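To keep things simple, chains are lettered A, B, C and D as they appear, and every chain counts its residues starting from 1.
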Amino acid sequence: MITVGFIGLGHMGHPMANNLLKAGYTLQVYDVLPQLTQALCDRGATLAPSIVAIAKEADVIITSVQTSEQVHDICMGEDGLFTHAQPDLLYIDCSSIDIKMSVLLHDQAKKFGIAMLDAPVSGGVAGATAAILTFMVGGSDIDFERGRPILETMGKKIVHAGPGGHGQAAKICNNLLLGISMIGVGEAFTLAEKLGLDQKKFFEISSNSSGQCWSMTNYCPVPDIVENVPANHHYQPGFMAKMMLKDLRLANHAAETVDAVIPLGTVAMELYELYVNQGFGEIDFSGIINLIAGKD
Amino acid sequence: MITVGFIGLGHMGHPMANNLLKAGYTLQVYDVLPQLTQALCDRGATLAPSIVAIAKEADVIITSVQTSEQVHDICMGEDGLFTHAQPDLLYIDCSSIDIKMSVLLHDQAKKFGIAMLDAPVSGGVAGATAAILTFMVGGSDIDFERGRPILETMGKKIVHAGPGGHGQAAKICNNLLLGISMIGVGEAFTLAEKLGLDQKKFFEISSNSSGQCWSMTNYCPVPDIVENVPANHHYQPGFMAKMMLKDLRLANHAAETVDAVIPLGTVAMELYELYVNQGFGEIDFSGIINLIAGKD
Amino acid sequence: MITVGFIGLGHMGHPMANNLLKAGYTLQVYDVLPQLTQALCDRGATLAPSIVAIAKEADVIITSVQTSEQVHDICMGEDGLFTHAQPDLLYIDCSSIDIKMSVLLHDQAKKFGIAMLDAPVSGGVAGATAAILTFMVGGSDIDFERGRPILETMGKKIVHAGPGGHGQAAKICNNLLLGISMIGVGEAFTLAEKLGLDQKKFFEISSNSSGQCWSMTNYCPVPDIVENVPANHHYQPGFMAKMMLKDLRLANHAAETVDAVIPLGTVAMELYELYVNQGFGEIDFSGIINLIAGKD
Amino acid sequence: MITVGFIGLGHMGHPMANNLLKAGYTLQVYDVLPQLTQALCDRGATLAPSIVAIAKEADVIITSVQTSEQVHDICMGEDGLFTHAQPDLLYIDCSSIDIKMSVLLHDQAKKFGIAMLDAPVSGGVAGATAAILTFMVGGSDIDFERGRPILETMGKKIVHAGPGGHGQAAKICNNLLLGISMIGVGEAFTLAEKLGLDQKKFFEISSNSSGQCWSMTNYCPVPDIVENVPANHHYQPGFMAKMMLKDLRLANHAAETVDAVIPLGTVAMELYELYVNQGFGEIDFSGIINLIAGKD
């Protein structure tokens, strides 16, 4: 069995790595906070002492971290992956990062003879745990086919969005729309409530009508209308408001590079910024309805 | 069979009235533009010479007109419905109008002993023709049950939203969300295209992910992705941009009366205003993607 | 000396009426809260028992109330001004109201043979007290000249904006810009502070540069930069946030009637709505900087 | 007399350099488009063959270019200023660039022992020609005093905003407010016109009232109200819409780095993006009123 290195064992990375372990892969793990790797090592993973060490042993390396800068440093830093990688490494970045950075890393990987996929996910912690994530993948056809079986141990839907960077692009455009529609749902349900409509009745009507959207029917921000959503549990994430803010900023960066107009997207970004600044960054992103409704 | 009076035989009213005729109702029709009634009279409807005449003969009267003021004048004008209605009239207003006006008319109807339902529709001209409209109905339980069989000859889904005015409220909140999500889809697909994503590929990804919404999957504003939508036919309506603008204004009026915040809703309203002012008011509302994309 | 009737003795009306008294006018006063008239009666005004009573005695009547509906009821109610007015009454409405309503009242006044001016003010309580208000006046040339000496006892700048309703139109367009620029100043100073700029230094730079505006140089929302502004006194009004919200809504109504696009205006309206809903309606409108800055 | 090197002889750089020449400085000039230097060489400037050449001879070097990347490459590129500079060089960057980049360059300059000022300008081509620019300067007190006499030959107001990067910060915050208030003026005057107000009358009222701002009184976007503004000459720049868009993007970048909320700023950015995408990027930024008004 091939050896997989996994860097970044946070909320998402941990359950993803765990599914690789369950599938029988030899797993090397690394995180700047080594304590995050403990539970995985207890189940059979090996703690790598450094990024260089992981680079020297793994056939496939996956990163799942927070920022463009972190991915850049892991790959291109002095003691980074790219200069120490094994011949024929497949590198898969599952972080959500700036498209420009992702394309730059694809270019660098090519120079080093490294196969690379950008493969950001949707589905949240619950999806990661249940191995039903969606992966939006950018890279060549060959590399995509090579990465697919590994991704399938962690997700249910593995989509090839296009060449390098297109995984990030698809993720960002999707989440732009998600952020807008979540606030839209918040506005519609708040207005409905203030007008005296029963919210379950309004859900029944709108979810069967032209207002229907995933934010409403699969992730309803009003408590106790849809099952198993953060709204039912005091907006415990789920997908944190600060992460939605990050994705809307990435969309805004992307829009700038190609001169795209995203008026609702930027207003959504500002509303999430306001919400995060009011201290709700670690609340689920569906909690934005409370900013709209003027509730705590 | 009871006699139904139908006032307002425009794009929506005509196919709705036609379905009543098919169902066997005795139909009296009236429009300020009498020529709009010709085709129905050819099929058996009777042209009423005035609103008063219709009021004196019909057991049920339906209005389907454009503005709050028109409905007000039809009902409450000197030669209006309410003062000349038969005892026990059921009046059904299928127009989309201001909630405050609808509630005022319910109050007046009660004073005159008239049963009233506000029953705005969704589904467009196509839905009206195929008798598959959704009716969002406000009024008492008894009146709702009385109106239901008549509405069922014109629609597929007849939902009782609550007391008088709640049909309008549900419609307006739904269309607020529709306007927002249509622009959101326009922004996401335009950004995707500019980033080099294949639009069918992005549709495949996002329609199966958290960005999914009715505006995308049932009414896609990008041509040739979803079947039978206005985008495929040069944005011939469908549902005109100026009608969406009207609904967003109604949402804004409603928000004002209850101190609701609708930041994306008002930006959407302004974008539709800009689009309509640029001469595209009679284009389908999904054409707003062309404003976003900077295309003609 | 002519008799002036004054209806509405609130924060603005009281000091305005007081200046008429100082100028020697015979003053009759009326308010739905009679206690508001006490201090003026102590100084020589007469308390009128009703609107009808004031209508029967006054040569000039001034209203200074909050809403379009109040002005309508005072003028057109069953026991209203217009049906009981003296021949040749000059009626001056100093309230800020809906343009449509103001035009309607001008039309009605004409039918009753009453001369009317709409004359909303700017300058706030301080300006009213010091008799340095600006009056933006709508009405005929003759009526304007007739009203001018009375307005000059209460204000410093009396501008004839045009025919009936144009006083309101000028006020609303000006305050639209005021609301936008106050938030703009809030954004610029908050960003400057977060970037580490000294705020007095930034004021010195921007007030002498292309960012200069009245909101900054005469009403700075940052404390202790400009003298005698609400920001220096915990944002005690001044001009309440809820009154700015009202004016932005009036601007929005006006825009709707003429198909004007006011994208920054509507976002400003929503931000004030958010701020008022958070409990700050009676705080000075410059306090909006605290919403932007995420401060309490 | 000291030797000044000037890099970037575009619309702004050319008249600035010309004023240095008039003041008697020995001037070396460089531009990637050598033809831009011709007129200056005719008057006594020397064309430098390369950046390295200029670095080796000049005591003071000034850059006036378009983008952060260009400044970075001029300073830090392989054949860049910093590695080839004379001991004790004073480097002044008059470009408007990203704050982060400016701070990074200050840091690098320090490592090379180079004194640096960031000194973006306001005042446009007219101000540059007349030597009445405002310079907003970031850097140490000593360096500021050293640069001041040189800047005074090109401008009238030389303000020390703070340490390195604070010149850029002040410029960006000011122009954020400028962009917002220009659109605000556009909305107010368009609404006023549609409401039937005479625009000169409205200018007279608002410019003396709380809506007053530099965009209105010094740069009125309505033609023929204020003298010598681009609006009077078919919106020939002046300050191009695409440059305002660039500054609003810089403000947005700055806001992101410090978690500031700029809701009107981002809507203004999107409106300029829309306007530029419609083909008006090289029109004066006051032309945005035509987007608002729906005029060509």
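One rule holds in what follows: a residue touches a chain if its C-beta (ideal position, glycine included) is under 8 Å from a C-beta of that chain, and two chains touch if they have at least 3 such contacts.
Everything quoted here is computed from the prediction, not taken from an experiment.
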Among the chains, which one keeps its Cα centre farthest from the Cα centre of subunit D? B
Provide the C-alpha centroid distance between subunit A and subunit C, rounded to the nearest whole angstrom. 51
Centre-to-centre distance between subunit C and subunit B (centres being mean Cα positions), rounded to whole Å: 39
For subunit D, residues contacting two or more additional chains: 259-263, 267, 271, 274, 277, 294
Pick one for the touching-chains graph, please: line, ring, star, complete, other. complete
So, in the complex, the side of subunit A touching subunit B is made of residues 99, 122, 134, 136, 157, 159, 161-162, 166, 169-170, 172-178, 180-181, 183-185, 187-192, 194-198, 201-202, 204-206, 208-216, 218-219, 251, 254-255, 258-265, 267-268, 271, 292-294
In the complex, subunit B residues that touch subunit C: 249, 252, 256, 259-263, 266-267, 269-271, 273-274, 276-277
Subunit D contacts subunit B in the complex at 267, 274, 277-278, 291, 294
